[in-house]
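Take a look at the structures below.
In the two complexes below, chain A is the common chain; its partner is chain B in one and chain C in the other.
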Partner chain A sequence: MNWMEKLSFYFQFPLVRYALIVGVLIALCSSLLGVTLVLKRFSFIGDGLSHVAFGAMAIAAILNIANQTLLILPVTIICAILLLRTGQNAKIKGDAAIAMLSVGALAFGYLVLNVFPTSANVSGDVCSTLFGSMSILTIRKEEVWICIILSILVIAFFVLFYHRIFDVTFDESFARSAGTKVDWYNLLIAVIIAVIIVLAMNLVGSLLISALIIFPALSAMRIFKSFRAVTICSAVISVICALLGMLVSILTGTPVGSTIVAVDVLAFLICYIIGIVGGRG
Partner chain B sequence: MIKYGKKQTAVLGMMMAGSILMNGCGLIQNSVHSDKNTPKGVQDVLDEQTATQSTEPAATEQDTTNYGYGDVTNVDKPTGDFEITTKDGVLDITDMSSEMVYAIVYNMVTDPDQFVDLPVKIDGGMSVYEDPHTKKTYYACLVYDAAGCCAEGIEFVLADGDYPKEGTQITVTGTFTTYNEGDKQYIQLKDATVTTNAEQ
Partner chain C sequence: MSYMIARNLSVGYEGQEVLANINFEVNKGEYLCIVGENGSGKSTLMRTILGLQPAISGEVMFMDGLKKNEVGYLPQQTMIQRDFPASVEEIVRSGFQGQMGWRPFYSKEQKQKALENMERMHIVNLAKRCYRELSGGQQQRVLLARALCASQKVLLLDEPVSGLDPNVTADMYDLIASLNRDGITIIMISHDIGATIRYATHILHVDNRHTFFGTKEEYLKSPEGFIAAHEQELECEGGRK
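Entry: the complex of A and B
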């Protein structure tokens, strides 16, 4: 069977179609917010929040909570709010706060899972959660609908509040003086980022989420200058890379998360070269 | 320090509740099949992943067949939402990538309807499990994902012949079916034939 025949054979299975739909939506949403995060110097917040989510997942596992998202999502949202609300007067600055929460939650989560093991293969379970080994291909129909609804909300928020997000991203002080409720928009962005992080853990795992957020934005910035162009380009690159990564992973049997990130890196290199050739770099 | 007004607090609370509710509602099915998206180890594959809670036990036909497991009922269910294209009438997943093999076997475990009565060919590692309570022995073919973190398995019952030793790389061909044991539904390949990779 050549690869085209294989792909058409695979596409008959709903699990493949669900994975592609969810993967594309997650990539799209994370790229939209990624531009804002990169410009606000919060590139690693995805990493930090995903590690917090991992820690929350560990707690939920040992407490034997059937639907772990009920604990993971609120904890992640609260941490996102705490991290993004740190301003100039914060005792612990942004990057230090992220690092503190990130490594602390990761270590705590792994410690808890080892001290109170919930399965016979803790290392395998942890590895799968951290690298998103198979989660995207085992998505159920109900979860696909949830993802679609949440993605529509994220995209709608971004489209409706585009100008406010732009103001808050580039100059908070000016936006505040112009009457924009900066704190409120920062809060909304924090909540949405937390939701996206929890969703994205299914696609690429906890350790690789930052790649989904930062690589498309950085790639787009190599080519375009304006916020709008960068955002649109970032979304296109993210979707293409996610799609390509998943298809390559399915065809060749490589881990899904790592393959998507590898394609993202490749896209960044291509955009970097385009930027140099075009005189942008 | 950020001070939130009553309105802002209410909206924030509604957003959080909405997100949680949407995830909770959508994943209620998961709470019934609580282990579906939780990666499981090898032991758990035989203990839990090959068992699915049957929420709709109604069947079009029932054929009681004793496979030596005591009270076992074969449940023939209507086929699922789609028709699977097979090669020469057999769903051959030996030619697929490791990611797809794992995913399809997982799909067979969680949503077996569309695979019932389908001849299936699978290869993987031989696994033998003896239930400590019932003293019954189960034979399965285990498959791993690309990273080797997760494993899934399908039980099989040979038409005749001896079962290979545990750990042997095998190829199993059999007819996919489901059966009830106690209050749980299980999947297996019945009337199966097995070859070890050394024989191929």
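Entry: the complex of A and C
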């Protein structure tokens, strides 16, 4: 079988098509707020939250909750709010708080999974939560629906508040002086980040989420110079990388999360070179 | 009628008082300069006037129909802005954010007004350029155009010429003076006494011991004004040698 035949064979299964839709939506959502995250120096919050999501997942697993997202999502959102509060009051303390919370959640999650094993293969479970499933085909149908609904919410939020997000990212002092509710928008951004992280955990696993959020934005920033162009470009890069990554993973049997991130890294290198060449020209 | 009156205002951070007992009044069309040494709390005072931080005691009243979000602020540049991918047009338009209410996008009139303000600042040709690639003087014009979008009544400028070379500084002062002639009230922080004396109508001299507020003429006769002007002269002479 050559690779075209192999692909068309796989596409006969609805599950594969769902998986691709979910992957594209997650990639799109995660890229949208990437620019804001990078510029506001919030990337570390994304990283910390993904570990929290892992801890929450562990608890959801031992409690045997059928739909784990329902527990992981609120826990992650609450932590996002807490982190933002401490992070704003004092810079150094905020950093330490994030480190504490993320490493603590990671250790706690692993501990809980080992003390109360729910399956025979604990290390296999942990590995797939941290680095994503071996195959995207393990996504269940109700997860697909949650994914689609949350993605639509994230995209709608982003489009409606696009200008306000720009305002609070570019110049907080000016935004405050103009009466924009900066704290409220920061909170909203943190909540959306939490939603995206929980979403993306299904696709790439909790350790690799940050890559999905920041790489497309950093790539786009190498080439484009206006906020709108960077945002659009990072969405396009993210979707293309996710599609390519998923196809490669289906064809070669590599783990889907790390394959997508590898393609993202490659895209960043290409954009970096284009940026240097274009900058000189 | 006054736009703004400050009564027994004390400002500072976390309960720590930096400046105390400030009284001043700004009327429509005036040009108030806030002068004082570096670290004397001028920016803190401006942030308090804008409501970005609470006053320790006393109050600033906005009057004559001036609303809190009807002031155009030109803050000092932040680290974030140095690597921010944003076009000049996007930044200037963001000046309208206080007037948006729940509307998500800018209206046609707002886009037109943004263009007019860019014309006024002579930066229309830069509209599509990236902010971080502009010179310091051009960047300040962009931020000034943004402040104009926010307000046609009062502008609060926090050291608008810091880091600019002498020619660009003079241009910037002329530009601000022309806005003032058009009827826009200016409140500016400066440590350039020479320019202050040339352009301002009123002066607020702040200092951790005492403050002075009055017209430019009164200031020049006061001990604070005399010392400040004298020091500036010495500095200029030193520069010539």
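By our rule, the second predicted complex is superposed on the first by the 265 of 281 C-alpha atoms of A that agree within 3 Å, B and C clash if a C-alpha of one lies under 4 Å from a C-alpha of the other, contacts with A are read in each partner's own complex, and residues count from 1 in each chain.
We take it that contacts are C-beta pairs under 8 Å (C-beta built on N, C-alpha and C of every residue); 3 or more make two chains touch, one makes a residue touch a chain.
Predicted model, so just to flag it, every value in this text is computed and none were measured.
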{"item": "Partner chain(s) touched by A:Asp167 [first = chain B, second = chain C, both, neither]", "value": "second"}
{"item": "Chain B versus chain C as contact partner of A:Met221, first or second or both or neither", "value": "second"}
{"item": "Residue contacts on chain A - larger count, chain B or chain C", "value": "B"}
{"item": "Which superposed partner A:Val230 touches (first chain B, second chain C, both, neither)", "value": "second"}
{"item": "List of chain B residues in touch with chain A within their complex", "value": "1-2, 4, 8, 12, 15-16, 19-20, 22-31, 34, 36-44, 81-82, 84-85, 95-100, 102-104, 106-107, 110, 145-151"}
{"item": "Residue ranges of chain A in contact with chain C within the complex", "value": "35, 39-41, 159-164, 166-167, 169-180, 221, 224-230"}
{"item": "Chain A - residues contacting chain B, complex", "value": "1, 6, 9-10, 12-16, 61, 66-70, 73-74, 77, 85, 89, 119-122, 124-125, 127-129, 131, 133-135, 137-140, 142-143, 145-146, 149-150, 183-184, 187-188, 191, 195, 198, 202, 249-256"}
{"item": "Residues of chain C that touch chain A when the two form their complex", "value": "47, 50-52, 68-69, 71, 73, 75, 78, 80-81, 83-87, 89-91, 93-95, 97-98, 100, 104-106, 128-130, 133, 146, 150, 156"}
